[in-house]
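One chain, chain A, links the two complexes that follow: it is found with chain B in the first and with chain C in the second.
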Partner chain A sequence: MTVTRTLVLYISVAILFLYAIIAVFAPLLTPWDPHAISGTPLEKPDALHPLGTNDTGQDILSQLLYGTRITLLIGFGAAILSVVISTSVGLVTGYYGGLFDEIVSRIIDIFMTIPLFPLLLVLALFFNPSIWTMSILMGALGSTHGIRVVRSQVLSLAQSNFVEGARAIGASDFRIMTRHILPNIMPIVVVKFVTSSQHYLVMGVGLSFLGLWDTTTIDWGTMINQAYSSGGVALGLWWWLLPPGIAVVGISLALALIGYSFEEKFNPRVGVNRL
Partner chain B sequence: MSGEPVPKSASCGCSRNNLLRVSDLRVRFDTHSEEVRALDTVDIGLNEGEHLALIGESGCGKTVLAQAILGLLPANTRIGGTIEYRDKNLLAQGEEEIRKIRGRKIALIPQSSAHVLNPVETVGDQIAEVLTSHHILPPDAARIETTRLLGEMGFEKPDLAYRKYPHEISGGMRERALIAMALSADPEMIVADEPTAGLDVMVRRRVLGMLAERTRDRTLLVITHDLVTASALSQKIAVMYAGEIVEAGTLREVLESPSHPYTEGLLSSHPSRGLRPIPGISPLASSLPDGCRFAARCPRATCSCRKNHPELARTCGNHEVRCRCDE
Partner chain C sequence: MMTRTYLLRRIGYSAAAFFVSITITFFLLHLMPGDYITNYFLSLGNTLPQETIQQFYEEFGLNLPLPQQYLNYLINIVQGHWGYSYEYSRPVLSLIWEKLGWTLIILLPATVIGIIAGSLIGAYSGWKTGTKKDLALFNIMIIIRAIPEFWWAIMAVIIFSYYLGLFPLGGYSSISVLYTGIDWLDVLYHAALPTALMAFLIATGNYYVMRNSMISVIGEDYITTARAKGLSEREILWHHAMKNAILPMVTMTTLQFASIIMGSIFIETVFSWPGLGYLTTEALRMRDLPLLEGIFLLDTLLVIAANLIADVTCSLLDPRIRTGDDGD
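The block that comes next holds the complex of A and B.
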């Protein structure tokens, strides 16, 4: 890794930490209760309301800071689920092979042809899910690509000499999978986790922007939605619309750059010319 | 070493107190287009405490035999014959029973030490795994025992060696670590597959000495293409060619009066005996000739050699040869 790449990684990790701190300490950092009507509607930014108020008179800065929580939870929650599913299914199918592998692979082939975002839209319209159900659906349905990646790695590792060596000392299959193969695929699992949390975070903001779950939930997607639907955009109230958008771009960029840095570190053949 | 009398191997090859008895073993691999005959009618008997060297060139089926004994062959394999370990046919055992034998009763020192260790786990943890996965010792005790064993295997700072990753130590050290791994569960029998491949002469001598010392009271099957390794470790020798045993006997019988032309060729291709390689290459295991498998390279081959496949026949004592060119 070059110096600039390392620097970019540090900055990105710092940004991620900043968001995490905001999410954890939101109650201490916010001047107002985000649900409370703390001023008159559509106030301009001033000392009391640094980013003004929305159409019901709620403080926008407080909403922005509190919104970090839900937005991050959806993104990382779905990513954790997705990585757990893809690692375990990929390990088992890649290691044992055979009929089970064949069946799972064909099912994944089918699911991979269906685009995730429209599928989630349809599911959301029919089942009116909570944000948790939505996050689980995202993680589960989005794990197909991860399963493929992990499985192909495991396929080659399962043939390697050290796995045969482990079998020769009488290690059980479970032990070989967890102690010998899993540590070897951790790099790609970590990269997959970082890139998919970015992916799901943006997707979650997109879904909530479309108003697919409870609109009283405070997250960035809902905020942008309100700014649109309540005339904030038409009135040119940029302090309402831009902050949540910039917040999304900021964390998305940080996660993407962390993902690239890891990927490049674990696989030096990846090109260096993408920032 | 070859001249020393060995107590238990004095009886003939058909002895009943065999620890391991491989009879009529045939191994076939089915590939998409052809059948690969890796092993044919292999018979091997090993009494307790006996050391047998299996020599032959690359691709003759030595490693397949080692894998067959430990039940490590891939799924597309067809196996015939029997492998009896203490009168129990290993080929008829389930995976769970075989797993209890592997490492614990019969340990393998695998080929290519550079690849056989997990690159992301420390050497010590991998050795300790033998003890923990067979529930011989709890993890803490296994760690202490492994450190002690590493010390015995000539590692100067066993604590430090325990924490090294495989790429951080030299080839000779890796080989010694693998020997430690094979010994750690105190197995009755060790199968050593090319234990000194890729080591320079000095390191090889040290590793061989260590292996000879540590396997003195055990049964050993050493697989090698190297006559020095074979003669340093064993009293009996079996020569393999194209999936068959072509000559077997005591080390002295085979090395001093080789009866099969392949063995003769193998001996005279050794640097100390003139470095005269055998012309030609061995036949493909997917297209073996009907007659003697060595006939195409044999200086003494006759018409009948190319037509009729010879059987392993006893010449004198325990000396067996698969050649009919004298008839």
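The block that comes next holds the complex of A and C.
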């Protein structure tokens, strides 16, 4: 990795931490409740409301800060679930093989053919989702690709000499899987986690931008939707529309860059190609 | 060449996938609190006498046992009876066909331009792999891809339509349509910005595929052979590398045409373009489950068919692809 790459990685990680801190300490950073009507509608930015108020008189800055919680929860929640499912299912099917593996692989083949996004919309409409159900749905439905990736790695590792050796000295299957195979697939799992969290985070904001859940849950997608459809553009109220958008772009970029740096580090072939 | 078992197996998977999708939509419709007919009448705002409702139940087969209903549902889907939209009070399928045309007006040119541009830039980047130019292009593409689609669309509207005033703010036609009827030049004027934006986004997506493909091709022995023969770099690029590197683009192209919902929902919503993507957003907003299920089934059908076509075309174009094995 070059010096600039390393620097970019550090900056990205710093941005990620900044978002996490904002999410955790949101109540300390702003005096206003994001749901409360704390001023007159469409106030311009001033000392009381640094980003002004929206069309119902809610403080935009506190919506932005509290929105970090929802957006991060959806993105990382779905990514954690997806990675846990794909790692455990991939590990078990790849290690044992046989009929069970065959059945799971065929089911995944079938599900991978169904387009995920429209299915998600249909299910979301039906379940009338809270942010939790939404992130569970995204994580579970999106885990199929990860299962394949992990499984193919485990398949070759399960045949390797050190696994053979561990078995020879009488290690249990569970121990071999968790102590010997898992550490070897960790790099892929980490890369997959970072790239999926970026993917799910953007998808979550996109879904709420489309108005998928009720507007009482304030996240960046809802904010952008409100600002865009309630005339934030036509009135030139940039402090209403731009901050949530820039917030999404910022974390999405940070995660994408971390993902690429990791990939470069763990996958030597990519590094050679890129010098 | 393609083996018959491979083809049969692919068709089998495709059929199974569509079957699973139909089953999901069936159960969602039937798990819904209240049933389809009750909801439909509620959506019409009618207060019908009990006997009439009873009669509808019998005519629509809602008093039949569930397996029987399931069978009927399957037959209906195959015959093209995809249910009625609550919101529009119209058969779902005819509504979808109407909107599909609007989507294709921007999707077709955008896909063609996007694929050509993406392939050329990707091929150049892959051919020059490791150079400063490649690195710069690659990093720019990472940044472009990390910005959500709807944000690109909103920014485009703000900059090009609002501040520069070059394009209309949205919709598909000027208000004069009320007096003069649809003027297709006006429609094209409205379609220009969303089309350009979609082409731009499709191009960045294709860039990666083409670049990776090119990088793996230039490592092949036949490129070395071509160099050893003393061919010019230009000749190697166009006659040897490009021809082989373009193969994955066949799959990409087919899939891009198929994923009309995912590809168009954000752009159509932001630009208020009356296509399938916008219809999907409306269905979500109005909680119109039958309509959304119809859109989902159509998209599934298209994606499945596209996958099948792409697989078959690829193995016909490239005999090296071993078709006996599914690659696991």
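By definition in this document, the second predicted complex is superposed on the first by the 269 of 275 C-alpha atoms of A that agree within 3 Å, B and C clash if a C-alpha of one lies under 4 Å from a C-alpha of the other, contacts with A are read in each partner's own complex, and residues count from 1 in each chain.
Note that in this section a residue touches a chain if its C-beta (ideal position, glycine included) is under 8 Å from a C-beta of that chain, and two chains touch if they have at least 3 such contacts.
Because the structure is predicted, anything quoted here is derived from the model rather than measured.
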Touched partner set for A:L253, first chain B, second chain C, both or neither: second
In the superposition, chain B vs chain C on chain A residues touched: C
Touching partner for A:L29 - first (chain B), second (chain C), both, neither: neither
Contacts of A:S172 with chain B and chain C, given as first, second, both or neither: first
First, second, both or neither for A:I80, with chain B first and chain C second: neither
Touching partner for A:V13 - first (chain B), second (chain C), both, neither: neither
First, second, both or neither for A:E164, with chain B first and chain C second: first
In the complex, chain A residues that touch chain B: 160-162, 164-172, 175, 179-180, 183-184, 186
Contacting residues of chain B [partner chain A, same complex]: 70, 72, 99-104, 107-108, 110-112, 115-121, 129-130, 133-134, 181, 185
In the complex, chain C residues that touch chain A: 13-14, 16-17, 20-21, 24-25, 28, 31-32, 129-130, 134-135, 138, 142-143, 145-151, 154-155, 157-158, 162, 215, 259, 261-262, 265-266, 269-270, 280-281, 283-285, 287, 289, 292-293, 295-296, 299-300, 303-304, 307, 326, 328
Interface residues, chain A side, partner chain C - complex: 105, 109-111, 113-115, 117-119, 121-126, 152, 198, 202, 205-206, 209-212, 224, 228, 233-234, 241, 245, 248-249, 252-253, 255-257, 260, 273-275
